[in-house]
Amino acid sequence: MKRILVIHGPNLDLLGKREPKIYGKVTLKEINEHLKRIANKHKVCLAIKQSNHEGEIVDLITKARDRFKGLLINPAAYTHTSVAIRDAISATGIVTIEVHLSNIYNREEFRHKSLITPVVSGTILGFGAKSYYLGLEALLELI
Amino acid sequence: MKRILVIHGPNLDLLGKREPKIYGKVTLKEINEHLKRIANKHKVCLAIKQSNHEGEIVDLITKARDRFKGLLINPAAYTHTSVAIRDAISATGIVTIEVHLSNIYNREEFRHKSLITPVVSGTILGFGAKSYYLGLEALLELI
Amino acid sequence: MKRILVIHGPNLDLLGKREPKIYGKVTLKEINEHLKRIANKHKVCLAIKQSNHEGEIVDLITKARDRFKGLLINPAAYTHTSVAIRDAISATGIVTIEVHLSNIYNREEFRHKSLITPVVSGTILGFGAKSYYLGLEALLELI
Amino acid sequence: MKRILVIHGPNLDLLGKREPKIYGKVTLKEINEHLKRIANKHKVCLAIKQSNHEGEIVDLITKARDRFKGLLINPAAYTHTSVAIRDAISATGIVTIEVHLSNIYNREEFRHKSLITPVVSGTILGFGAKSYYLGLEALLELI
Amino acid sequence: MKRILVIHGPNLDLLGKREPKIYGKVTLKEINEHLKRIANKHKVCLAIKQSNHEGEIVDLITKARDRFKGLLINPAAYTHTSVAIRDAISATGIVTIEVHLSNIYNREEFRHKSLITPVVSGTILGFGAKSYYLGLEALLELI
Amino acid sequence: MKRILVIHGPNLDLLGKREPKIYGKVTLKEINEHLKRIANKHKVCLAIKQSNHEGEIVDLITKARDRFKGLLINPAAYTHTSVAIRDAISATGIVTIEVHLSNIYNREEFRHKSLITPVVSGTILGFGAKSYYLGLEALLELI
Amino acid sequence: MKRILVIHGPNLDLLGKREPKIYGKVTLKEINEHLKRIANKHKVCLAIKQSNHEGEIVDLITKARDRFKGLLINPAAYTHTSVAIRDAISATGIVTIEVHLSNIYNREEFRHKSLITPVVSGTILGFGAKSYYLGLEALLELI
Amino acid sequence: MKRILVIHGPNLDLLGKREPKIYGKVTLKEINEHLKRIANKHKVCLAIKQSNHEGEIVDLITKARDRFKGLLINPAAYTHTSVAIRDAISATGIVTIEVHLSNIYNREEFRHKSLITPVVSGTILGFGAKSYYLGLEALLELI
Amino acid sequence: MKRILVIHGPNLDLLGKREPKIYGKVTLKEINEHLKRIANKHKVCLAIKQSNHEGEIVDLITKARDRFKGLLINPAAYTHTSVAIRDAISATGIVTIEVHLSNIYNREEFRHKSLITPVVSGTILGFGAKSYYLGLEALLELI
Amino acid sequence: MKRILVIHGPNLDLLGKREPKIYGKVTLKEINEHLKRIANKHKVCLAIKQSNHEGEIVDLITKARDRFKGLLINPAAYTHTSVAIRDAISATGIVTIEVHLSNIYNREEFRHKSLITPVVSGTILGFGAKSYYLGLEALLELI
Amino acid sequence: MKRILVIHGPNLDLLGKREPKIYGKVTLKEINEHLKRIANKHKVCLAIKQSNHEGEIVDLITKARDRFKGLLINPAAYTHTSVAIRDAISATGIVTIEVHLSNIYNREEFRHKSLITPVVSGTILGFGAKSYYLGLEALLELI
Amino acid sequence: MKRILVIHGPNLDLLGKREPKIYGKVTLKEINEHLKRIANKHKVCLAIKQSNHEGEIVDLITKARDRFKGLLINPAAYTHTSVAIRDAISATGIVTIEVHLSNIYNREEFRHKSLITPVVSGTILGFGAKSYYLGLEALLELI
């Protein structure tokens, strides 16, 4: 049975409670349940992690090398600042999809630059929680 | 029956023949057929146009105001240069999804800036022809 | 009888329907009628065109060389991107006035640069439809 | 009877004597007389000041709050450097029109940035002395 | 018999009438005749087009794929703004020569950037009408 | 008895009347009274000036050299443009505290640069009128 | 009894030992004792943390949501690089004061940009350890 | 008898007292006496002014038009910020020499840009008080 | 016996497996063994750590103050983003050598800036694993 | 008999041996022979020099003033860095053609700027050795 | 008897013949004779060199260390590009004056940056040949 | 017997006499002797050159093609300005090591950019004379 790693970046545990105008009202728990239902339907196994630590996310990715077929990641704030996560994705060679809840290109100037996009297979942004679901479906087709 | 407008920007008629390393081997005709199959399944009607003319694309969008529920657009080269298409999307108020075959953010520097992204609901990029199919499914849920 | 060319750039046919907070509620038809009343009062003849096509606007200007005494233009989105329209204005040598409905200098950063202003006699911006009327009166005095 | 304040910025007292290729041959006195004739025709009262002092211009604007209905200003050199005049205009809330004799956007690079434009109702530039007259007429309609 | 496509970009129909200090006194018709004489001498067939429309130029290039052996283009104003024409040249894979009448690198700053040069075989600029003739001779040797 | 100079920069006489969303509702008179109460409690003497004139503020500072122990200044608009006030503070060598009512770093881009901060002992910003009171208390401890 | 969270960013445990010319001689322990004395006087309870880990600081802030009334933070090196801490502060909605020991605006260029300032209530910088004490007093008045 | 105007910009009254490492120990009075001795020797008459006010310096220059043959100016802090003084020098057409005590090009970045240099006949910098004396001698030869 | 700390930054545990074209085929374990052989020969003791966590690296450095004579560090991805590690190196005052396997100056633009280089004694880059060995030998001579 | 100077800039003596992918396989000797054949045909005399020394190239050009009718130059690496060669070309007033073997505008960023182009009559680039031959023919027509 | 070295940079041997609008009509020989007359009057000995070679100028300066008391240099084109000459001046420690015939700050943008000014005692520019004479007199006073 | 070329760039003949705070007290002669001792130990032959001339350094490198196995170069000031030396290194294809005495990345901004680093095998900087010795040892292992 294929295994897929899902990583939620910093502050995403606050989802639903935090600035709902930007991020919507759905909680991280609800997103995870929806993702699992999609996974079940396709008979794949999901491992889901949320972390506020750049280093921990790098750990997760580098250890995923031989254990996962694909990575679905919302790097959140680390999108714009983490060369380490970028390097980890390049190094593992796992098929990776980047998702964002909001349209990062119509927010503050410093969010218009993603260090992650150039090293992923594809990016989906602006659809709220649906970005995750589309991303998982796309990932399932790719692997 | 809901109607959706699909616009393919400049040079996309060459798809399949043009630089397959970047754009893949599928032809525009094949993409359009796949899009129609998805549309049929969801009982919506698609109007599909390809144009190399910025002004023609603006015409199509401004005239779509009352006749279409949603717009799926791959602005191709005009992504990076057309304020006119951006303004047309803002002005019509139609729900719009932007798609790109390639990952524009790991190509030449001048392709890293999309004038269109800030005015659309969501963007999907890097999945080849699948960007269109994901985009249409996302659009169908939004409208 | 003197002849004057009026060119409305892309998306201006949506005027009145489009983002009224930025552009006001008056329609293009009402503006055109008001412009004609001014022209009648001054015994000049107006030719009025709206186009979403950069090339068409260039065509209009290059053909206006010997047939019109003055040009009143709202280049809209092409203000910021069209070297071709700029070159056409320089090449024809017709007295030209640039007008804008909105104050382009307090909107998005990319609208703060006009490629057109350096080659026109004068620019009027921020007065809504009145920008056109002031522009026409100024043009009538110049020619 | 409505009162309007007209402010001429630095060096404008030299008008007519100074670089006529850029600024024309009309003197400030002639401009003021023409402005008064327009005002008389519309039954409004003008107060006209010229000052080379940024602080004095700020004083004039801040004191104008309750005494004037509108402000017609040519900020001249302070256009490009004065945050203080900009703040004064924002703070008073008087309807303000900015005018320039020359086309500041085809002169030196440092003149292509106006700190004043983003806080005024409208801007008129490049018509020589006529910029003032158009500006006053526009102001009279707005108030 | 080999066929070559010659494209003249926007405003070049005004040649000879337009700003002769920059562009010289020769007309487009004279250039075309001279080009044809060169072509005759080399027994090749020329198709010559002038267009002010970016989209039309893209159409011409994309349709040239199987019908022409080489392309001689003066992109004029679109040199600096058209990603679409650049993409069309890349996509067709026809041997392409870019020519300019004037020395674009000693004119305004915004003309110092050519989006076209990086995708052509060679560029010739600054020789007036002779840029075309040298370009055609170079093209004839390359194909 | 120690003497302290307080300088309010341009437009601060409008405080309470001017854009209360940004600057709060308290008037300059109320701030001055509060500052005097703090001064009385600490047995120091305050001299308080408001000026819209950059030159006058420079005069005040350069003359303060031997007569004041400390300077509390809100340079307002001159924060971003006045090298002269910066030089005056450096030259006098008086202990200086810079205060701002609003958080200048989340307003317009041009307000993100303070020419004054690099030459003062400390800066306090964003607390409304309280910025002054904290600043005075800090100044009293430093001198 | 109100609770306040104090966070000391990276390297601040070296305070007193580290580059005393820039940061002063007082130790973190002494600062913490002084802060507690102020807290006791005002009958509030302080929780004080020092961490070199960006992720840990994000954890602390996101968990503080319901347990603390205010946050006093010296983000130190993360001031200039952490979008994650910025997002955590925005998301929690706790009243936050940012303090710096040194005047970051007269040090290296890369320290002149604070990602944190735009999302806090107020900032105090340059007073050495006193920045903390002023910051705590300001925070106590705000909550 | 020829008349020459000497203008000392802001903060120069502090000379000798202010930051002697940068500006030297000589006072403004001593410089003025030395300048007068040179003037006497050459039988010209000097008018010497020091002002901290940008507007006052503009007044002095604009009024100097018909009364002085030459201008020797140390614009000090206004060197880097005053378009108004620059315009005044251009407008008067008096032969002007710019002097600086210090080498402004090896100090802070913002002092590396002189708005004044492009409109003067010549500039002398870095020689301390001697910059003035050389400047006066150069001016005497030019007029 | 002297003690030296060796720190391997993020993703270096993947060495040998990761992008061998850029980083070579040698594993981290082999590098560490080679480093230990050099250390043994010189009778010094090595402590070697690899971490993906910026905060952990800061912890290691700040705690190294009194326990190690020198630091050999490959900051990897944190080279370009970590002010915290830079500050930790400055604060500890340990002799530090920075090494890189690859030539960071001929890779992506964002890798051309090292925040670490300005605070170390020396830097060695581009020699693959040999960068470490040269670095250790250099460090042994310096301490 | 007319005389023409040909200058080959730095490293061009390595032609044919050096990076053939970029510069082609033809040697400098072969190019020179071809150039001489063209010259013979047109009855002009060529002087050909290769130099790696910027100063020597300046010497050659400044001494060419009265002895040569035209200059054909490939400034190679000095294209991007030599103001001295640019000034020499301007000063001599000889008709000058600049040629480049490769298309410098699709190589490294620092090669996209030619200091020489703005002062020459025309530029030909990207045709390999043929750039020289076209350049010589163009030069022969111009003189 | 004191010895002074005078260095004329590249292309200055063309003086009087070259672009007289920018550089005046006086020849280098005349300047040198005038400089010698000044030197004779002050009983100092001049060594005068002109060179188009950056390396030769560096040679001259590095060898001047023990043999000359002062250096008067017009670096001409190397002003803007030569770090080597800058380093040579710093390294020799000779008192150095930089002169320019023209006002380099109102010419092309790339001439607005002098690499030499930050390491000299003083700079004199814009006075034509007189810049040299003033420079020599200033140098004579300094040594 | 293998031969290695050592090139010392401009001003390095002043070593030991020049700014010892930056470059140390060791002379170039001492460095050369040390380098020869290392070479003797490894049975290789060194040719050592110092030159202030960019062109001479290019000559040395281009002629080294067939005669040397490796190049050890300290390009000094030419590090930041010489495309010609960069091209010479690329063209020869000799294994090259770049060394710097000082840490160029904590000096003036213009020294933070090396044109040479991207084309060498490795770079060693900041170790004073030891940079050369480490560089030679590294070079000996590579060839």
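First chain written, first letter: the chains are A, B, C, D, E, F, G, H, I, J, K and L, and each begins at residue 1.
To be clear about the criterion, a residue touches a chain if its C-beta (ideal position, glycine included) is under 8 Å from a C-beta of that chain, and two chains touch if they have at least 3 such contacts.
Nothing here was measured: the structure is a model prediction, and the numbers come from that model.
Counting only chains that touch, the fewest steps needed to get from chain G to chain I is 1. Look at where the CA atoms of chain D average out and do the same for chain J: the two points lie 55 Å apart. Annotation: 47 Å between the Cα-based centres of chain E and chain L. In chain G, the residues that reach two or more other chains under the touch definition are 53-56, 81.
Pairs of chains meeting the touch criterion: A-B, A-G, A-I, B-C, B-E, C-D, C-E, D-F, D-H, E-J, F-G, F-H, G-I, H-K, I-L, J-K, J-L, K-L.
Partner chain F is touched in their complex by these residues of chain H: 9-11, 13-14, 17-19, 51-56, 76-78, 80-81, 110-111. Residues 53-56, 58-59, 62, 65, 81-84, 86-88, 90-92, 115 of chain L are the ones touching chain J in the complex.
Chain contact summary for the complex, chain G toward chain F: residues 103, 105-106, 114, 117-127, 130-131, 134, 137-138, 141-142.
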